[in-house]
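Okay, so chain A shows up in both of these, paired with chain B first and chain C after.
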Partner chain A sequence: MNIVVTIKQVADPNIPPSHIQLDPSGKRIVSPFGIPPVMNGYDANALEEALRLKEKHGGKVTALGLGDDSSRESLKRAIAMGADTAMLINDPDLLNADSAGVGRALAAAIRKIGSFDLILCGRQASDTDGGQVLHWLAEALDVAAVTPVAKIESDDGKQLTVHRLVEEGYQRLRVELPALLGVSSEINEPRFPPMRGTMAAGRAMIPGWKASDLGLQPSAAKVELRNLQIQLRTSKAELIAGSSPAEQGTALADKLHELGFI
Partner chain B sequence: MIPSREIFFNIVPAGVIAAYVLMIIPIGLLAYGLARRVRRWRLGQAENRFDQMGHRIWNMVRMSVLHGRIVRTRNLYGGIMHAAIFTGFVTLLIGTLIVMVETDFTVPLLGFSFFHGNFYLGFKLAMNVGGLLLILGTSMALYRRLVLRPATQQTSGDDLLLPATLLILAVQGFVQQALRLAMTQDPWAAWSFVSYPVALALQGLPMDVLARLHQLNWTVHLVTALVFIGYIAYSKMIHPFTALANVLMRRIRPRGELNPIPNMETAENFGASKLEHFSWAQLMSVDACMHCGRCLEYCPTFNTGKALRPRDLVLEIAGLQADRGGIFSGVLGEEANTGRFRWGRGGERELIGGAVSTEEIWDCTTCGACMEQCPVFIEHVPLIVEMRRNLVMEQNSFPQELAPIFTSLERLGNPYQNVPAERADWTRKLEQPVRQMSEVVAAGETVDYLFFVGCLGSFVARNQKVTLALTRILQNAGISFAILGKEESCNGDPARRMGHEFLAQQLAMKMVDKMNAYNVKKVVTGCAHCFNAIKNEYPQLGGNYEVIHHTQLIDELIAAGRLTLNEASDITQEKVTYHDPCYLGRYNGVVEEPRRALKTIPIVNLTEMPRNRKHSFCCGGGGGKAMMKDQSATRINQTRAREALATGASVVAASCPFCMGMLEDGIAAVDEKSGVRVLDIAEIVASSLQAPAVTAQRETV
Partner chain C sequence: MAGVLVFGDVIGGALAPASLEVATAGAALAAALGEPLLGALVGDNLKSAAEQFRGGFSSLYLVEGKHYRPYTAQASLAAAQAVIAACAPSVVLFCHTPETREWVPRLAARLDTGLVTDCTVLSVEGKDLVVNKPVYGGGVMGEFVVRGTPRLATVRAAIFEACAASAAAQTIAVDVPVPAPGKVTLIDQVEAAATAGPKLKDAKIIVSGGRGLGGKDNWHFIEETATALGAAVGCSRPVADSGWVPSSHQVGLSGTCVTPDLYVAVGISGAVQHLAGISAAKTVVAINNDAEADIFTRANYGVVGDCREVLPAFAARVKQLRSS
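On to the complex of A and B.
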């Protein structure tokens, strides 16, 4: 089974809010000192699932990314985890593309890579939480898209039975291959990259493709990110005084009333 | 008449010839067994243990003939027992050889005899003393194995058979002599002070009965001796050979230094999953074990009932080696020693998961108590780390809670997902700023010390207090120092001891590059693990510094009068007990400095726990164990906490952030209401300083 996994490199979602910084344009999160960006968490789940399918059926796992040169780090991690190859679309013109533009670029790259049975994407990226690219990608490749997927129940090489998350439960869906799945974190726990993989990744060459390599025509974004805004929540603590639990309870009730909570 | 005796008295010539011919068999078996062992060791990896031969030989003499590690105050019974058996056995062996030299060499070849006169009388006396010592020592051994039965010993057939055989041989020797004395009316019989009274008792028997008994006992004694010699190479009795070899060839690097994996990029294999992956010296070392169980005496995992028992681990590897060697290993050794390993069976077993369980491998805190105790210098911790290296780097298999630790170390340079930019945030709480190396170097200046703060001291609130106290002490004493600040990251110790050598080297290399770029000469650390790694392991990567632990520096500063302690007469003393960190005390021998510093503090009334200094009991936090879950019934830190509480101390003094965390948790779990505090020596000193900048911190004590 040949599987393509899309990998986006994002700012570490565990950065404490007080450390989040934006670049001068206000459109991008800058990784703070000492906290390098990471592979998007859901993409790691997608990659893990791809690797498990490969271990079962054989085939090839290709990691595909779109971003600046630094995004190679996440693709290297994909190789460290077990992906066979990785490519990066690193055309500066595409860095500000909207979801549709990214979807089309990924589709062009996948056509260039060749035949595929399955495309696994993270359900959304943790930096933008848009969750749209995968639909545009499926549209451009003319394959079915199912998202968010919490489990691949069975697969026979021609079709898959998957669990798609809905509120309070899930749908069991049968989907014909080739298809695209948007993977959610419930599906697995991504593996720790084995040391041999990490060393191989250090030596791996990851080709970079420009829009012209993919035969893409420049197209204006229909949605444009104007700027990001960080909202910092502050918290403060106040100790309720009182000589007995009853007195403290009364004081607490008074305080909550005063603040308008009760 | 010149004192002497007839050699082979009362023995028919055929018997003498038979004795010489039969001797070939056990000596051949011994040589064969030894050769098989040497051949197995040679399957191991290369390792240079041939340097400093003079030192090695002297050390071997010290540790064998002089019983350097065998007789210790904590091991007097076993020490005296061994000394008795050793002296007795060696005396009798030399005696036998002397007779052999006379009979088979000097007389027939040189026509020269020396076995008479005063020499002969002295010989008789010495042989009786030797025999008596052998009886005493072997009786002590049997008494301990059968009656005393210490928890650290598990007794196999061999453990009983060998001392019993030696005992029987000694008794047979005395009987033989007594029978001869009774038959010959030897005028010098009294020199044989043990056999003589027996001879007097036997004199009533008819001469032909005595002669028959004499011949019978001679034959039985001969056969016993020959069987014993033949069995040596297939039992723990091989230890005079293997133990001597191991002591001679032991690693003479600092014990706190693990061997690196050189050229990681091209290494074909990481760590050990097969016997062949160990070095030849490591394979040899496991054959030196004679099951004394001393390694268990203050082993934290043995004493808390965990799977890892260092003696068993060594015997498991030795057993696997015996199996692979395809040699007969002694039927009586079969129920040997551990209940888990079997001599002579299961050669197809894997090393990891077969002979040794992964649980054992991950149990170890790397505290080194086993290595400190082992009388023959077996190094258990490096064996364990080799297997961890294989699990982590070849098999990607480790306790799952380590994955985020490894990831955090790799990405953020600290184990607990702390924000690297906040590494120097603790300095904001200081009245007087601390300089950073980058500023110092940029200004074209130098400082005397780099203060390597460490991850816990930088990020963990409790340990930050220690860092602040230490900084105030340094400032108070006018020490010129700087920190790396945000440029500091983990020194690599936890990754290394968890088997992730690649990550450890990456982290260490980063620090070495930084420290060399800043031309650092002297380093003071606030952590026993940083101290050991930078002092003993950074030289492997080109980082050579004079490294000092903060307790050493504090001791120096007090001695030099650079710290003025509050000596007001109204001070109430507190009972303080000091816990030695393994990587400071046991591994690096820093045991007196912290105590000396504590004793000079007027408020401190120092008391000791039963297990202290180099024989301290681990807090349970080393070797990455502070980052792993301990789900066993008995926690190591709680065991140590109980020991500390039993001293009645109100303060447990620590000098390592890992120990501090483990002990605080332990005390809280054992006795929440005890009110006993764990304080770093730096905190105790800082609170006692007579200086305005620091008196505000008094509340920390």
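On to the complex of A and C.
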């Protein structure tokens, strides 16, 4: 099974708003000193799932990213985890592309890579919280897409049975390959790169592609970011005192009673 | 033609209340653009939902068919495309739901037009749609200009007030053929095991537990407290990911947005992605053994202490107060 996994490098989502920094344009989050960017969490889940499918069926796992040169780090991590190859689309003209632009660039790169059975993406990127790129990619490649996927129940190389999360449970769907899935975090726990993987990543060459290598025509953005504003919270809760945790618990109940909740 | 088209959300035959909030957002845009406000519903049997979707629409489009329930992306896409073709709106709004998160981006790609998901503020400047949307989990607000025909947005729940009820001037049935079987087939829909107590989404009181509970074995503390309060049970993402409870209980950005009067967060650190789901909670109480935890900047009341010791006494006192 040949699987392409899309990997976005993002500012660490655990940075609290008080430590987030914007670049001078005010349109981009920069990682504060000492907190390196990371592989988008759901993309790590997608990669882990791809590696498990490969271990079962054989085939090849390709990691594909679009970003600046520093995003090679996340693609190297993908190789360290077990991806066979990785490519980066690192054209400065594409760095500010909207979801449509990113999705189409990824699609063009996948066409250049060749045939695939399955594309695994994250359900959303933790910087945009958009959940869009995977659908623009699927539409450009004219494949079915299902998201958010919490489990691959069975697979036989031609079709998969997947669990798609709904509000009160999940849908079981049969998906004919080739197809694209948006992967959610319930699906697995991404592995830590093994030692030999880290060595392979050190040796790996990650080609960089430009829009012209992919035959991409510039297109007008449909969604334009005007500015970002950091949301700070400064308020502080009124603390319920007590000489022991049990007393605090009782006092809390009395407080909620007083407020009319009980 | 022109207009602002609002898709309502139909759950099990009834109109989801968030639909009326999106109608409010749509009405403001329609007034600013000087264009008519239009409504649309897609579902199995729309009789009662159509009566409830009283957004003062100049036309309410209805697409009915057995195959819309349970939801599939293919069917929703085909229905929405047909309605959009019928009325050629300039702006289309949707509720931000687990379903629209899947099919509306695909619709945008198919129509090759601009979409922003999970918007909290919407306005127009000239013909442009300008929206705010929380990004980076909610720690940052982004302002975006949306272009294309039509311009699309999904709207976060519990931000706008429900619109004042007024009936549609006319309803228009749109006939959409059942889509040919595609590459994705629904086998069945598995409901999460019904839990006692109210449903998370509509609950007035929610007791929500996080990783601070320390393990599945301690989850009974949350359940007992919820039972004492007559509350629904919520959880943070690591709790759902570790399988302590089904992910239908997850509150937050990638879970459910809740709207309780009282939200009790136990052993939850207060990551922005969690707080994104409780922005509409009226009163928040936090129980956490770390006085520096971020949850205390959102909570109105807090207890700094070990939840395993605080909760039993709390639940016991709640029972006492409720029975007296």
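In the analysis below, the second predicted complex is superposed on the first by the 235 of 262 C-alpha atoms of A that agree within 3 Å, B and C clash if a C-alpha of one lies under 4 Å from a C-alpha of the other, contacts with A are read in each partner's own complex, and residues count from 1 in each chain.
The criterion applied here is as follows: a residue touches a chain if its C-beta (ideal position, glycine included) is under 8 Å from a C-beta of that chain, and two chains touch if they have at least 3 such contacts.
Everything quoted here is computed from the prediction, not taken from an experiment.
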Touching A:P16, do we find chain B (first), chain C (second), both, or neither? both
Given the touch rule stated above, what does A:F261 touch, chain B (first), chain C (second), both, or neither? second
Taking the superposition as given, does A:G208 touch the first partner, chain B, the second, chain C, both, or neither? neither
Give one of first, second, both or neither to describe whether A:R191 is in contact with chain B, with chain C, with both, or with none. first
Which partner does A:P32 reach: the first (chain B), the second (chain C), both, or neither? first
For chain A, which side has the bigger count of touched residues, chain B or chain C? C
Per the contact definition in the header, classify A:M199: touching chain B only (first), chain C only (second), both, or neither. first
Considering only touches as defined above, state whether A:G59 meets chain B (first), chain C (second), both or neither. neither
Which parts of chain A are in contact with chain B and also with chain C? 14-16
Can you check the complex and tell me which residues of chain A touch chain B? 12, 14-16, 19, 32-36, 38, 191-192, 194-196, 198-199
What does chain B use to touch chain A in their complex? 264-265, 270, 392-394, 396, 403, 406-407, 411-413, 417, 419-421, 486, 500, 502
For the chain A and chain C complex, residues of the former touching the latter: 11, 13-17, 20, 29, 98-100, 103, 123-124, 126-132, 134-136, 138-140, 143-148, 150, 161, 163-176, 179, 182, 184-186, 189, 220-231, 233-240, 242, 244-250, 252-257, 259, 261-262
Could you please specify the touching residues of chain C with respect to chain A in the complex? 70-71, 73, 97-99, 101-102, 105-106, 108-110, 112-118, 130, 133-148, 182-192, 201, 205, 229, 237, 240-241, 246-248, 253-254, 256, 261-262, 271-273, 283-287, 291, 294, 296-306, 309-318, 320-322
